[in-house]
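Both of the next two complexes hold chain A, though its partner changes from chain B to chain C.
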Partner chain A sequence: MGKGKPFLEVLASAVHEDFRFPFLELFAFLYTLGTFAMANFTVSVYSQVSTDEAVAFAATTSLIGFSMIIFLILVFKNIAYGLGSELEKGIMQTYFSYPLKRWALLTAKLLSGIGLSLLLFLGIQISAFYIMAPDIVSTQLGTIILTYVANLSYPLFISAIILLLTLKLRRGGIGLVVGIMLYIGMSVVSSLAIVVAWATESALGLQIISVIAPTYALQYHYAGLSGISSVLWNPTLTEAMLYVGGSYVIVGALFILGYVYFSRRLNL
Partner chain B sequence: MSLIVAENLRKSYGSVVAVDNLNLRLDAGSVTGLIGPNGAGKTTTIKMILGLLKPDKGMVKVFGQDPWDNPEIRTMIGIVYEKAFFPAHQKTLEYLQRVCRIYGVSESRAIEVLEAVSLQEATDRQVRALSAGMLQKFAIAHALVHKPKLIVADEMTANLDPQARSELLELVLNLNKDENVAFLLSSHILPELSRVCDSAAIMNKGKVWAFGELSELYEKYAVGIIRVTTDSPERLAADVKKLDYVKNVDSDARGFSVTVIDGREDEIYEDVPRLAKHVKAKLLGIETGSASMQELYMQAIKEKERK
Partner chain C sequence: MKRGINILGRGGTTLIAISLALLLVSLIPQVRTFQAKGTEFLSPGEDRLVFNQLNITPHQEVQLTVTVEGKVTVYLLEKSLEYRIFNGTIDYWFNVTDLQENPDQIIWEDEVENGEYTRSYNPSRVMNATIIVYNQPDSEEAYLQYDLELRNALAPKEKAQNIAYWAVPIGVIMATPWILIGWKQRKRNSANRLGT
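Take a look at the complex of A and B:
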């Protein structure tokens, strides 16, 4: 018996459940709709920024916008609802009866629940970019990739939190609520942080937020955060990249925590 | 060779001790019943044996290995959980074929096991469309796919109709006899276990109170039990209960079982016909050595509690 086969079969089974009809079709449609219809490549976006890198950042961010929400909904469905109900109902016990290490089982579930969703998201985004703005892709590929990496960090952070809560509580409801709150909360908190920065002439709040949502650091690298009399925060590219790297260290640590808990502590 | 060895197992949920200092051994080729009321700790014990729960204390070995996160022993164990759940949107045959590929056995085995549990007509149904009984049968088919050497089943016959139960018990006997498959069967439906088991572990309050071959257990705990069959069990039992050497009387619709003080079994053969005549009850039979597993269980529990 090949060692890889149980893993692939469990992965196939997970994909079959996570993306059964009509979920794959529906979400592919929503991704496409979100990418092509909601993207904003109008002059107003370009006019706010001055450099080619900043244009590429703004274009990429506008392209990601709505599709990121779709990605998170898919993660909520697959992890909070899917994995949560498998733990709650006992399907996970059935998976545990197969000759597969626990870490491999979790990998199969995450590849299906998050990996495939991400692949779908990126596949449609990249196609759209090549169709809608080939000039930007050809000249600013590095900026585009960095923008994607920065923008995906916070959704992956939320995914990791949902995963940990779902594993710990062995149901997905709380994880789902916390995930939605984290997503909505970030918009509120970041707006407040900007107001606080203007009021106190200090961007400390935004810098703290950027540790888990580094897209703010990248945004203020390209556009800068202006106060009344001075620029409050204008991180260098290296600083922005450090924020991106730091955020992925946190995301990675959370996922590792999930793996350790699943492999060593999860009692069913 | 011992397939399962559990020593001093302990598991608690908060302040509730589910399993306490449990010892158990299951030999190759045996059919062992794990008997006990709800809350005795049977499911917790089985989960620790299967590596789904980590014991707080003690040691469990299955095929000589720690069962926690151990894929190697999974190829040798078939598992039937009390509540069977499978990916709901997959068809029964397709899912079992996938399971065949997981274990590296021929896909034709999927049909064989579905036939073995009389589910061959449901091959095209999605798992979610199966009734509770069919789902249970499917779980059993699922456990047989890879021809395991040991099957661990928690309340295997739950949700099955009498005919399906009977067929399943027959299947257990055949697998044990023909392929030397060992079974650890947890149930509180004792007559079923007595039909297939050659040994039993009687559990109560998280502990194994008695363990051994059934014949030994009967000899130890059921020797003083006499079965009386009559058309008026309640009337006759009421009088029998008053006899000074009678320890206990358990009545049912067709008669009652009498537990007497050791060494005074002979007296019941004189007193019961006399009392039957007195209360005008028709006596249909008196026999020893025919205690049910239920009586054996009750007797073992009482003996232990007395100590």
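Take a look at the complex of A and C:
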């Protein structure tokens, strides 16, 4: 038996568990509905950046909003609940009997839990965007992709934290709570950082947040953060992309940590 | 083989779910956000500004209904005209020869002669829009009655419905073998349970 077949066996089993009928259909329905319901093409504040780019960024951000919550719920369900209960009930041990390296086993689980959810999310979002505004998608594809990449960084960061906690504690409950708190907490912290930036005339807090949530750097690249007398923060596109790159280095490092723990330290 | 049917079946049911969401979105009624009605007499060579709006979005639809006695040309242009209101009248600058130099600004150019004309436009990006009715210099005086509406919708109705109408049958075809196998298996299981 080749190495590909057991991997596909585990992947198929993980997909079957994560997306039991009618979960996949329900989430696809919600993604579609959420994308159309939340789309907003009006932009009130522009920076020096060309209007078309700012419109594409604003429209993409509005599309992402609600669907991102659905994506996170799906990831929470698959990682914290799904993987957590498999670890807790000892089902994971049966997978270890497959002729597969542990990293490949975790890859199959993550491909099902996060990869498929991401595929569904991006597939529906970009198709819906194209139905609504084909000219924006065809002329501003680069901006749209960059906006998605920036917006997905923080949810993937939360997913990595949940994965680490689930593996460490061998149950998903705490990981789930921490994930929800991290998601809600970021909007509170970012609002505070904006107030602090206005009060101190320094955007340092927002710059720190942007290291893990680079969508703020991209937002202020397009719209600029204005203070009372001057623009507090208006990063260039290169700077915004550096924040995006930096955030993915952190996300990558967290997932590698998860892989290392699952491969070497997890004793079941 | 069975795995292939499973993947195809779930793909089909997902396609049906997406189509149902699209149908639902397209059935949500449009909201009228702006309406302009009027009657005008247009002398030969004269034009009338009917609609001039900055930044109309893909969520909006412009619908124009015109009843004409005489012969006029209706233009929808991808531009906004500079205008000022002076003594209750709108003063704007428009020259039909400018359009010949910039034909890319013309979205519609429809001639209407003695009859009713209805047309709607749903932009595919954020753009400025102007509707002008022009009476050619070689025509006679024309009587014009217009009704313009700007509506907001969640999705382009026709496009969303067309996609859904195509996707539902495809989804059903993809899902049928999977549903049949699942149904037969369930029937067999229940028969076995009754037998024991």
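What we mean here is this: the second predicted complex is superposed on the first by the 259 of 268 C-alpha atoms of A that agree within 3 Å, B and C clash if a C-alpha of one lies under 4 Å from a C-alpha of the other, contacts with A are read in each partner's own complex, and residues count from 1 in each chain.
We adopt the following convention: contacts are C-beta pairs under 8 Å (C-beta built on N, C-alpha and C of every residue); 3 or more make two chains touch, one makes a residue touch a chain.
Bear in mind the structure is a predicted one, so any value in this text is a computation, not a measurement.
S.K.: Have a look at where A:Leu100 lands relative to chain B and chain C in the superposition and call it first, second, both or neither.
M.R.: In the superposed model, A:Leu100 contacts chain B only, not chain C.
S.K.: Quick one: classify A:Met181 as touching chain B (first), chain C (second), both or neither.
M.R.: Neither partner.
S.K.: Return first, second, both or neither, reflecting whether A:Ala133 touches chain B, chain C, both chains, or no partner chain.
M.R.: A:Ala133 contacts chain C only, not chain B.
S.K.: Pick one for A:Leu119: touches chain B only (first), chain C only (second), both, or neither.
M.R.: neither
S.K.: Should A:Ala12 be classified as contacting the first partner (chain B), the second (chain C), both, or neither?
M.R.: both
S.K.: Let me test your reading of the model: by the given contact rule, A:Leu204 touches which partner, first (chain B), second (chain C), both or neither?
M.R.: Once the two structures are laid over each other on A, A:Leu204 reaches no partner at all.
S.K.: Counting only touches as set out at the top, which of chain B and chain C does A:Arg20 meet: first, second, both, neither?
M.R.: first
S.K.: Across the two complexes, what residues of chain A are contacted by chain B and by chain C?
M.R.: 12
S.K.: Give every residue of chain C touching chain A within the complex, in rising order.
M.R.: 3, 10, 13-14, 16-18, 20-22, 24-25, 55, 57-59, 124-126, 154-156, 159-160, 163
S.K.: In their shared complex, at which residues does chain A touch chain C?
M.R.: 12, 19, 21-22, 24-26, 28-30, 32-33, 36-37, 39-43, 51-52, 55, 120, 124, 128, 131-136, 139
S.K.: Please give the residue numbers of chain B that touch chain A in the complex, ascending.
M.R.: 47, 50-54, 69, 71-72, 74-75, 77, 79, 81, 83-90, 95, 98-99, 101-104, 142
S.K.: In their shared complex, at which residues does chain A touch chain B?
M.R.: 1-2, 5-6, 9-10, 12-13, 16-17, 20, 89-91, 93-94, 96-102, 263-265, 267-268
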